[in-house]
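What follows is a pair of complexes built around subunit A, which joins subunit B in one and subunit C in the other.
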Partner chain A sequence: MGDVKCAFIVQRPQYKGETSRLAMTHALAYQTVEILLEDGETVTPTLCFVGEGVLGLSKGQKAMEMYGITSSESHIKNCLLVDLDVFVCKEDLEKFGIPESTLPDAEDMGAEKQIRVVPFAEIQKAMEEAKHVLFF
Partner chain B sequence: MNLGIFVSDYKLCVDTLDRIKADKLGIILVLNGVYHAVLKEDGKVSELLSKTPNLYALSEDLATRGFSPDQVDSRVKVVDYSGLVDVIFNDFEKVAWI
Partner chain C sequence: MGKLALGVYPGLVGSACYDFSLKLAAAAADKGHKVSIWYSGNATGSVKAHQKHLKDYSTAEKYLTALLEKGVEICTCEACTIARGIQKPEGIPGVQWNSMHWYLAAIHSADRVLHIGGE
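== the complex of A and B ==
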């Protein structure tokens, strides 16, 4: 089977519904899936934020303090910690006036991976390369 | 009628607001509606903010999304849950959610 690429595309803002959060937890679950695979088989997820999906990615979210729920920021940091590719659409960040400097990283957790702000064309490429494309 | 309207999405709902007639109209930004108070899409603030001078945003929902009150448009009054209850009971006869 080799490597199976999956693209998780988040197109809705976080928090009001569970949909966009599920993309992150599903993408994170690839680590669990690998336990069930044969030698030589891998799953490579890519988590992409486009459109209004780029909302809710800011640093300093206080979802746990306010509502007792895990923040999107925390989920993204966990994604980076397990070396998941996280792409954020450059054009959509610019459209909403969100500076790249407000995006979180997981350096404090020891992660080397960082969010990559990329043109939509690169997200399109990730979708084309993926065997499974899932929209959230 | 004094009407307070809750807006909980970022999508524009200006068409609906334009049709509503109220002696005093209030817009209360909650959940993802708080993005209207902080974002400048294509460099422009949300049209919603020009619909009434009575604008409120819930501080808990701003903080959840990583925003502080100083990032909020100066026309919007930031209120916490307690303040929101006061707004609902003291300023508006009716409230609606769009």
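== the complex of A and C ==
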């Protein structure tokens, strides 16, 4: 069946519930799914943050220091490190007054990918191109 | 027949979403479809054995056992489950324990995916 594209749509704020975090950890699992698939079969998720899902993504988080849990920033950096496409909705960032400059990158870890702030139309395109769309 | 992959995330008690997923899985299996269920997040609390069915609370064990007998594949996220204090020997027999890539693999071969988000 080759590659199966999935769009993971995160529409809830980080730390408000568990599923917004689970979207990232499930997306990261694309790195190891091949052990359960046949040769040449892959799953490629695109991680998209929309609506309130754009909240809680800023860099400089201290979740580990304060609560002893991994921060959403750390998860995003790991996603970038393993070359996942991470889209953040431009209109929703603007709606909440969040500057793009507050979003994290993983350059310090050697990642080449960066978060892409894109118009919703581009996220819509990712959903249309995906075989399966999962809302977290 | 088709292959349906369910991803279930809501807790057993608190909404009817979990209950709905059980009914849907049973209906699909009865029609001859191949069904898999992935539990993650709060839904993983439902794989503990020896549940007592009190009428004010949703219950899972007897339905999960019936689904397993119908050939439905059921897997719980091991990390989510042990984080909630449930160890594998305490789980319902027949339920698999695995990592999140199990769900992605189920998605890969599925004709339809119904992802039921949680809290």
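The rule is short, and it goes like this: the second predicted complex is superposed on the first by the 136 of 136 C-alpha atoms of A that agree within 3 Å, B and C clash if a C-alpha of one lies under 4 Å from a C-alpha of the other, contacts with A are read in each partner's own complex, and residues count from 1 in each chain.
Heads up, the rule we're going with is that contacts are C-beta pairs under 8 Å (C-beta built on N, C-alpha and C of every residue); 3 or more make two chains touch, one makes a residue touch a chain.
None of the values given here were measured: they were computed from a predicted structure.
Partners subunit B and subunit C, once the complexes are superposed on subunit A, both fit on it without clashing. Seen from the Cα centre of subunit A, subunit B and subunit C lie 90° apart once the structures are superposed, a value rounded to the nearest 10. Touch criterion not met for A:68: it reaches neither subunit B nor subunit C.
Contact with subunit B, but none with subunit C, is seen for A:96 once the two complexes are overlaid on the shared chain.
Once the two complexes are laid over each other on the shared chain, residue contacts for A:135 go to subunit C alone; subunit B is not touched. Within the superposed three-chain model, A:37 lies in touch with subunit C and out of touch with subunit B [touch as defined at top]. By the touch criterion defined above, A:25 lies against subunit C but remains apart from subunit B after alignment on the C-alpha atoms of chain A.
Put simply, the nearest alpha carbons of subunit B and subunit C end up 13 Å apart when the two models share chain A. Looking at subunit A, you'll find no residue that touches subunit B in one structure and subunit C in the other.
Those residues of subunit B that touch subunit A in the shared complex are 8-10, 31-32, 35, 39-43, 60-61, 63-68. Chain contact summary for the complex, subunit A toward subunit B: residues 13-16, 52, 55-56, 58-63, 65-67, 71, 73, 95-98, 102.
Contact residues on subunit A toward subunit C in their complex (touch as defined above): 1, 4, 6, 12, 17-19, 22, 25-26, 28-30, 32-33, 35-37, 41, 43, 45, 132, 134-136.
The residues of subunit C lying in touch with subunit A in their complex are 7, 9, 40-42, 99-105, 107-110, 113, 115, 117-119.
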